[in-house]
Amino acid sequence: MTAAEAVAGILDGATVMLSGFAGAGFSNQLVAALRDLGPRNLTLVVNSATHRLSNTHELIAAGMVRKVICSAARGHDKSGLSAFEQLYKDGKIELEVLPQGTFVESIRAGGAGIPAYFTPTGFGTDLAAGKETRRFGERDYVLEAAITGDAALIRADVADRWGNLTFRHAQQNFGPAMATASKLVVAEVRAFSEVPIPPEQVQLSGVFVDRIYVAGDGA
Amino acid sequence: MKPLNRLQMAWRAGQDVEDGTVVNLGLGMPVNVSDYVPADFDVVVQSENGIIGVGPLASANASDADLVDAGSRRVTLRAGATVIDSANSFAMIRGGHIDVTILGAFEVAANGDLANWDNRIPDKGPLVGGAMDLAASAQAVWVLMEHNTRKGGPRLLEACTLPLTAVRCVKRIYTDIAVLSVTAGGFLVHQILPGISRDELQQRTGAKLTFAPDCGDLVAPEIALPEA
Amino acid sequence: MKPLNRLQMAWRAGQDVEDGTVVNLGLGMPVNVSDYVPADFDVVVQSENGIIGVGPLASANASDADLVDAGSRRVTLRAGATVIDSANSFAMIRGGHIDVTILGAFEVAANGDLANWDNRIPDKGPLVGGAMDLAASAQAVWVLMEHNTRKGGPRLLEACTLPLTAVRCVKRIYTDIAVLSVTAGGFLVHQILPGISRDELQQRTGAKLTFAPDCGDLVAPEIALPEA
Amino acid sequence: MTAAEAVAGILDGATVMLSGFAGAGFSNQLVAALRDLGPRNLTLVVNSATHRLSNTHELIAAGMVRKVICSAARGHDKSGLSAFEQLYKDGKIELEVLPQGTFVESIRAGGAGIPAYFTPTGFGTDLAAGKETRRFGERDYVLEAAITGDAALIRADVADRWGNLTFRHAQQNFGPAMATASKLVVAEVRAFSEVPIPPEQVQLSGVFVDRIYVAGDGA
């Protein structure tokens, strides 16, 4: 399967989840293929809208993105604004910023059939403004809603014929949760195995994975 | 005596890390704290991208792009380490399994309110990351920050002026000139840099200070900053 | 023609399991369904204790007390299987990742309400297990049950009389004398055992039946029940 | 550490979580030690109050248990009532029955700092009677509360010096979630390793484990 085939069918208006954090686990070849495919009005669910090691910004710079749900949206270029920041300044892109733990718990909830949950994170801050709150015991909590996606593009290490995945070190980050929360799950991997990954080494069951793109070492 | 430099501040906080604890260290100054925890201590450094047991920085020829901490630093794993995904990592954080998180900050209020993210930089997008989760749910939140802003204004205040990260969460503050805790009665000073009087410390602070009965000197060994 | 026995009922449901699906099979009759899915189909049997990819029952000398399904049967793993913990297993179930769950039942209502647990057995404690999660969240809920109670009363009803497991969830019902689906208009009959008239089926059912235009014969191969 | 030492300090009135399901993962030697220790007025959080392969019923028969939170409480003895059922019939033990997925999600929530969450499971049934409900989109959901424990007694395969655990096959079931949700976590294991379990093989981080009892193969 080519990268283009792997992302085929992602439509205008889709909500697309992208894994990766701190330089590990970006599905950059799939993101490049998505840019070439060119759907518009996307909502991206990605931890950082602006990470310099991810291709996310290319989707944004290409004008394909209507909204970003993330925990970080600050460009690293001190000499100017990132593509995201320029669009944000111009009011041409919508932004929903969540605390990182809420970001990933909402994705986990989306994949786990939980429509909403209470969390202590963010209570009393601007990020909880307008959100329902409730006191349980001695603490106050914020009600947060699940996040689901039409597609997730995640990066892993090895995939087997059954779609089972392993991840290297911190590569997993948001990938497993995103895979549970999206309708179409595409894994970009280093290597493919015809023999099954041993049961105790599988880190994400193939039940959650729809397509595999073997990218090799490049990311 | 000179105010503590950033590594001396990290050293000072490191002296209070207890054996057998799980700590999470924020970006910037706090990540250096682990360098100053006694080597025989069994301290687990958790990084919110899922590393449980961060070891020293990786050497250049042994670094691995997939083995990074939440600050994108290429690190190693200590013995007994494991790596989990972000959902489980934040479940661990939110569930109160981090004994101490040491964070940088812009402002701390006398009731423990913390402001360490800012979405007001002109044109720049907001950046919150995992700070709100850590501040809300770690068993103890310690702050490592300069006592005053570059313009000389106070960072310890009656009430924060910047957007909050979490309410009533900070327990201890390590600055370049003092060590304080947050109590029901506000800021309590435990150590002051020799040469700074109580009055001067109060003048440089935006909230009323109380001094602990055993309030002593803040002293740190010489630690040179790396060249920029 | 004789009504289908329990294995024939399992066989019949097995004919409708599609290639490439994830199924969860309830205790009792339903666990037998996997024996009747075509061998070349890639069907993943999930068991709610965390096994993703249950294989055939273990032989006596290869059985392992730690490798059991939710019905405490010693099983094997099929190629490509893995095992997860209960929290993740039910996250998978609740999140809609099970294509079909096939459950036993006491009663099904014409609106799809399911009653398959009972806390009214005198003095006996209640037993609900994972049925409510499966019934509420699988993409499709199929029921495998005798058409009538031992006393001859109907199990397909306008409204359930026993405590509900989940509301409006059942899509198909495989009984010993008929195959039905639940539609917005109530029960729709797809197959009837030869020798049973539409009137007789209606008499043995506690809710109004509609018959599909292509309603046909329910026929199954001979399958002997194991000796008790 | 002896089994007695491993359970020392569990007090009258404690909430104790016990792992195990379908014959796998019962921490039976720890449960026997807890029976010998003899604290009273316990609340047990255990999937089955009556599983014939677990020692849970011995705690109940010994009169040590005030309340059971479980998903199954039916005895297997067709000729008579289990200890649990007799006490239940006599009104001498309190029972909270939860759907199994709610049971374990509430434990997971307890360990993950989520005080309450909405679930579709149980809506419209007796088990949701009196519970708050809410509609999200096209479906109705029940609000369920977190469960936490004072102690968890779990069974695993190997523990290393850092408390990291591996599990064999279906042995894990409720153990990992319970370990996150309890103050004192005791693991009964087959074997102990002085060398670290490789990072990618660890199934539960030692951060969650306080004490290890090496039971060998016996369960």
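Each chain gets a letter, A, B, C and D, in the order it is written, and its residues are counted from 1.
Note that a residue touches a chain if its C-beta (ideal position, glycine included) is under 8 Å from a C-beta of that chain, and two chains touch if they have at least 3 such contacts.
Note that the structure is predicted; figures quoted are calculated from it, not measured.
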item: Chain hops separating chain D from chain A, counting only touching neighbours; value: 1
item: Set of chains adjacent to chain B and to chain C; value: A, D
item: Pair of chains joined by more contacts [C-beta pairs], B-D or C-D; value: C-D
item: Between chain B and chain A, distance of the C-alpha-averaged centres to the nearest whole Å; value: 29
item: Whole-Å separation of chain centres (CA-atom averages), chain A against chain C; value: 36
item: Shared-contact residues (touching 2 or more other chains) in chain C; value: 77, 83-84, 91, 93-94, 137
item: Residues of chain A whose C-beta touches two or more other chains; value: 105, 108, 112-114, 119-120, 169, 199-200
item: Chain contact topology (line, ring, star, complete or other); value: other
item: Set of all touching chain pairs, with the criterion as stated earlier; value: A-B, A-C, A-D, B-D, C-D
item: Residues of chain B touching chain A in the complex; value: 47-51, 64-72, 77, 83-87, 90-91, 93-94, 113, 119, 121, 123-133, 136-137, 163-167
item: In the complex, chain B residues that touch chain D; value: 22, 44, 46, 52-53, 77, 79-84, 90-97, 137
item: Sites on chain A touched by chain C in the complex; value: 108, 110-114, 160-162, 164, 180-181, 196-197, 199-200, 202, 205-208
item: Touching residues (chain side chain D, partner chain C) in the complex; value: 21-25, 47, 49-50, 53, 71-75, 81-82, 84-85, 88-89, 95, 97-102, 104-105, 107-108, 119-127, 167-177, 219
item: Residues of chain D touching chain A in the complex; value: 105, 109, 112-120, 134, 136-137, 139, 141, 145, 166, 169, 199-201
